[in-house]
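Consider the two complexes below, in which subunit A is the common component and subunit B and subunit C are the respective partners.
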Partner chain A sequence: MFYRLSGTYHTSYEADRRLWKIPTDRWLVIGLLVLALLAPLYVSPLYLGSYVLPWVIWSAAALSLTLLMGLAGQLHFGFAAVMAIGAYASIHLVRAGIPFEIALLLSGLIAAVIGAVFGGAALRVKGLYLVMATLAMQYLVDWVVVNIPAISGGAHATLRTPAVSFLFLPIESLAARYWLALAWAVLLTVFFMNVKRTSFGRALVAIRDKDFAAAVIGVDPFKTKLMAFFTSSFMGGVTGAVLAFCFYRAVTPEQFGFNVSIQLVAMVLVGGLGSVIGAWLGAGFVLLAPIFLTNLVSGLAAGGWVPVSQNFLSHLPLMIYGAMIIGFLLLEPLGLAKIYDNIRKYFLVWPFRHARS
Partner chain B sequence: MAYFIELFISGALTGLMYALVALGFVLIYKSAGVPNLAQGALVMTAGYAVWMVMSWGLNVWIAIPLAAAIMFGFGLVVERLLLRRMVGQPVIMVVMLTLGLEILLRGLVPGILGSTPKPIDLGIGFAPIIIGDVFINRTSLYGGIVALALVGASLLFFRTRLGTKLRAVSDDHVSSWAVGISVERAIGISWGLAGIAAVVAGALWGSSQGVDWTLSTLLFPAVAVVILGGVDSVPGVIVGGILVGVLGTVIPGYLDSIAGGSTRDVVTSLIILLTIMVRPFGIFGREDIERI
Partner chain C sequence: MTFLRKLALTTALVAGLSAPVAAEDVKFGLLQDFTAVYTFVTGQYNQGQQDYLALANAEGALGDGNTVTAIVRDTGNQPQRGIEAYNRAKEEGAILFDFLSTPVSAAILDQAQADRNVVITPAHGRGDASDGTVFPYVFPMLPTYWAQAAALIEHMKTTGGLEGKKIAIVHIDSPFGREPGPILTALAEQEKFEFQAFPYASPGNEQSAAWSEVRRYRPDYVLIWGAGGGQAVSVRTAIQNGIAPEQIHSVIWLAETDAANVGPQMKGVKRFEATAAGTDHPIIQRIQEKVIDAGKGAGDQANVGNSYYNLGVATMAVAVEAARLGLESGGPLTGETLKAGFEKIAGYDAEGLMPPVTYTAEDHQGGGAGRVSEWDGEKWVPVSEWKASYPDLIRQVIKESAAKYAAEH
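Take a look at the complex of A and B:
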């Protein structure tokens, strides 16, 4: 019905290498892109600013992290610190008079260098120890940002982002901020879809599956891991800058704390490791599901349907969020991407189910 | 000099109390090979359990064993419902599952039992012990003694029949199955024991700073302790604990006024980073050799 091919039957290697193996997928994505571009026209500013815009930016962050965790298999529990470096660097660079476009790139580079240094320090180890080392990075960066007044502007200060324009478009109105964030997220998405088909992407996957074995077939594990940390931290740094300029507009160190790192890992895992669509779905789910469920319960509580205390309600988002992580890991470890994939596979041959391979 | 000695002693005692938290982590890692990042939240839950039982009007000495029984059961349930289904999954799944449990407990327990700090009175008293010019915190002193006793007890426990089974399981799951040891039950028991260790830690930390969600932040120093001492070494907990406690107290004691506060987290982070760079398996840990 939707997928008129009723299965994928490639007759040439070229067809198999294509980015969109099925035309319907391409039209679906183009349709979604048009919908996303026109969102400021039909979504109310309240929803656009508080739900859609953060979703787009966190999707970009999840994409950056899933390059490292999903493709290269390197666990990172300090990714919020990388984003913090990008955010603070971009603000200070713009304040120093550097154009916003260049400041974005430079802040990404700074984040990439610092992220790669920490990554390089931890490259001897993997698994649990890598988790701990990146955790230590999170605390160190947090402390440096908080305790050096030149960076944070004082212990409990908030740093306002200066007014900027991107390619002559002033980043002031909600729509302009949304479009900039969307452009960056789309750029990352296109990059991510293509990186899997390059030699770099294949090297990352080889490292993920077994680094000793990858070394045997001629992939330098140290270099590749370092490049993975560099690339991912660059993307994360620019995303942090976009987050600061397009969404928060006044940054404090608490916005990039340890809990944010956990949230990012949760987005990647709930979405599905190493998947583009998983990053988008995971970011949306982790960000929005606790909000909607809490609103639902507090609505019910206000109506007197469920007897819960105010204290319980204020802890409810935390409970839902924790239960969600546990639930996904137990019931669908491959995440939302796998659920989408199952549905897609079903409809790919619908209604000729016997044709499914 | 008196200032240094005071910092040193209070650091060592605090470190021993960190070791209480870390002991639960090591007990589980040693038998199941699972990094339990929910240990901080388990300590918090145990603190709440002690407070809850005491609020029924029971004496401390009845309340703590009762809470220990509750937490032993809780550990068994967690292992049965959550961790057993994670066997054979990559480490990221297990780490994230325990972190999810930590988040869930941090919401659920204060959400139900109240988030204002709850006092636990162990009958220790707050007056410091004064030796010469040196003030020693009474709670930390008793906490340190209890930590030493508990670690000694765990070392003895690993020489009993049940403890030998746990050691066998920690060596190799499949061979343990082959000789008729129930690996599932052994891992369940290790979670229960971690629950009991959490009760002791929760009661002592709760009496020194009150029971609320901040008890779960003890995870971070405890992680430094186990990384430094070795993730699968029970005596390593004591050595790592004392080192982390002393460095994390003495250095901030001199630097905090210069660098502007909370250098303790920095010291803890640096301990983790340097250990991982120099000797990833810790002081007493067993180095794992990886085969393709």
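Take a look at the complex of A and C:
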């Protein structure tokens, strides 16, 4: 009723290959995109600057990581380091006089090359061993950034981003910074939806499911894994640069620490591995739930509802947040994306009960 | 509302009348890390801040029925949460911010400067922010890490001499741990001692590798430069490696909790302090009487009077004094008038809780005076007088670093 059809029935390969198999989905996404584009007009600066903007950027980061973890099945626990490389590279490139547009691409390439080198070293190992190898990358990059003043920006290790413009639009006002971040996130989203339909995307999935079986059917595991690391690190590097220029505007090594890598993994897992909408929902949940809960609990405390010490008050949101993650994963191990999918399927055929996807 | 109030005020001033101004509620944003990295200090520090603000309100420190309110939020040391908390508190009207977190402070510094809101960075953050001409809205307020290193070196000089001596600096491997480096280099030349740095990996739960190197170096003095749990490990491992507690000199981050963790061996260890510890001070006594005994304390009563608690009290005492002076010029208090209030503070010592501080438009450190205290087995006992050490050198380092920052941006 809501989707104006009862299940999906394709009568041609053309229809089966379409990105939006149901018109309603397409309209929904276009509607959301228009809302997102116009957000600076109707969202207050507080919410745009501290909720929507970081959400968009972290969604791009989660999309970059889910390409590697969800599609190619390669665990990566050092993705914040990849973003750090992109952020620091872009700032130093812009300071060296390279136009911002090119610096963005170059910083992505630098992150991709370094990421692929570590990925290459990690290719001989799988699963938990790969986790250890990527952790090593996290700590090595941290160490290099902290210990080389030329990179970190000297004794105080804070590097401010220079003023830049992107295609003649000065990246200064909140709206401009938001639009640039949105453009990058939308680009990644479109890329991700389409990469699943290419031979590269199918090769990634084959590697994820069983790499020697993939080799048997003619997918070169070495090349494909390396490509996965390269692509994902490129996306992560540019996202790091966007994060630095559009959101933080001053970078310190702590902003890309190990805990950030874990947050990124949590975004991907809570959202749902390898899913576009999962990356968006996961990033939103992991990033914003603690903030909402902190404000909620503080509000309740101010109203005299929870008379407790500041220390407990600060930990209470984290306890609720932890319980929520466990709750969601118990309810639906495939993540928030699957929960959305269940709801969508229910309404697809409502008022009837069973749907074929 | 603000516009109307401004308008009313301006009209009153123009007419030359003393119009009755509505009592004002000054808001301070204490947006700190209660849950991640800085937990070793934040709880007690923030408790001291809140208790002092309660005392200030109970005593009407701001006059004319004006009050001061703290907006307290946890940022978990995450910059994105800090930015959200900053923006929200700003909207709620806060004009002074204390983040007590290096990454959060770094991410907000520029925005706060642009918004003309005062950011205090007591005992953390950039040392060169002491130069008020480059960082007009940042107040390090208390001695920077550079001034702390200078004070400890001067204490070594007065107690045992420095010429030909060897100093080992054992520090956490982070930008914070590297802060005293330039000061030591400059002083080593001036005072003719030699020093060597021994970094250990963050967070410092395991430091034996660094300390066995230190033992081979045979230092006359040891400086330990870390924070949190790593500090107790430093002291313990140093003693295991044959270093006498009397040789150990610590940065400001060594408190009663660490002493309890180390145990009786701790006796004789020295540290820098910017504010006096203990409850034997008029302000702390009055907090006990009017806030704690009245059941309005912000946390565990056992914390009252310990080092970090008193540090928090001192920061808010200075901030409230600045707000009072800022309000004297009339009109609603804004970031700008609060900054002017800070720069009017001269010789304020929070009734003996801290050395007299004087802020000017150039010096936002307040002179950089501090002292050294020693753990006597039960409490911290001061072993030197309040004074600023090597002030010319510190001023020069601040100036050079700030000029470099100004040139880059």
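Note that in this section the second predicted complex is superposed on the first by the 334 of 357 C-alpha atoms of A that agree within 3 Å, B and C clash if a C-alpha of one lies under 4 Å from a C-alpha of the other, contacts with A are read in each partner's own complex, and residues count from 1 in each chain.
The definition used in the following text is that a contact is a pair of C-beta atoms (placed from the backbone, for glycine too) under 8 Å apart; a residue touches a chain by one contact, two chains touch by 3 or more.
Please read these numbers as outputs of a predicted model, since none were measured by experiment.
In the superposition on chain A, contact of A:287 is made with subunit C only, not with subunit B.
After overlaying the two complexes on the shared chain, residue contacts for A:96 are found with neither subunit B nor subunit C. In the superposition on chain A, contact of A:310 is made with subunit C only, not with subunit B.
Contacts of A:262 after superposition: subunit B is touched, whereas subunit C is not reached.
Contacts of A:322 after superposition on the shared chain: subunit B is touched, whereas subunit C is not.
Residue contacts after overlaying the shared chain place A:210 against subunit B, while subunit C stays out of touching range. In the superposition on chain A, contact is made by A:51 with subunit C only, not with subunit B. When the shared chain is aligned, no partner comes close enough to touch A:167: not subunit B, not subunit C. Across the superposed pair, subunit B and subunit C both touch subunit A at residues 143, 146-147, 155, 311, 314-315, 317-318. Partner subunit A is touched in their complex by these residues of subunit B: 35, 82, 85-86, 89, 91-93, 95-97, 99-108, 110-112, 114-115, 220, 223, 227, 231, 259-263, 265-266, 268-270, 272-273, 276-277, 280, 290, 292. Contact residues on subunit C toward subunit A in their complex (touch as defined above): 34-36, 43, 46-47, 50, 72-74, 76-77, 79-81, 83-85, 87-88, 91, 102-103, 106-107, 109-111, 126-128, 173-175, 178-179, 181-182, 298-300, 401, 404, 408-409. Subunit A contributes residues 45-46, 49-51, 54, 58, 143, 146-147, 152, 154-158, 160, 247-255, 259, 287, 290-291, 294-295, 298, 309-311, 313-315, 317-318 to its touches with subunit C in the complex. Touching subunit B in their complex are the following residues of subunit A: 69, 75, 121-122, 124-125, 127-129, 131-133, 135-137, 139-140, 142-143, 146-147, 155, 210, 212-213, 262, 265-266, 269, 273, 311-312, 314-326, 329-330, 333.
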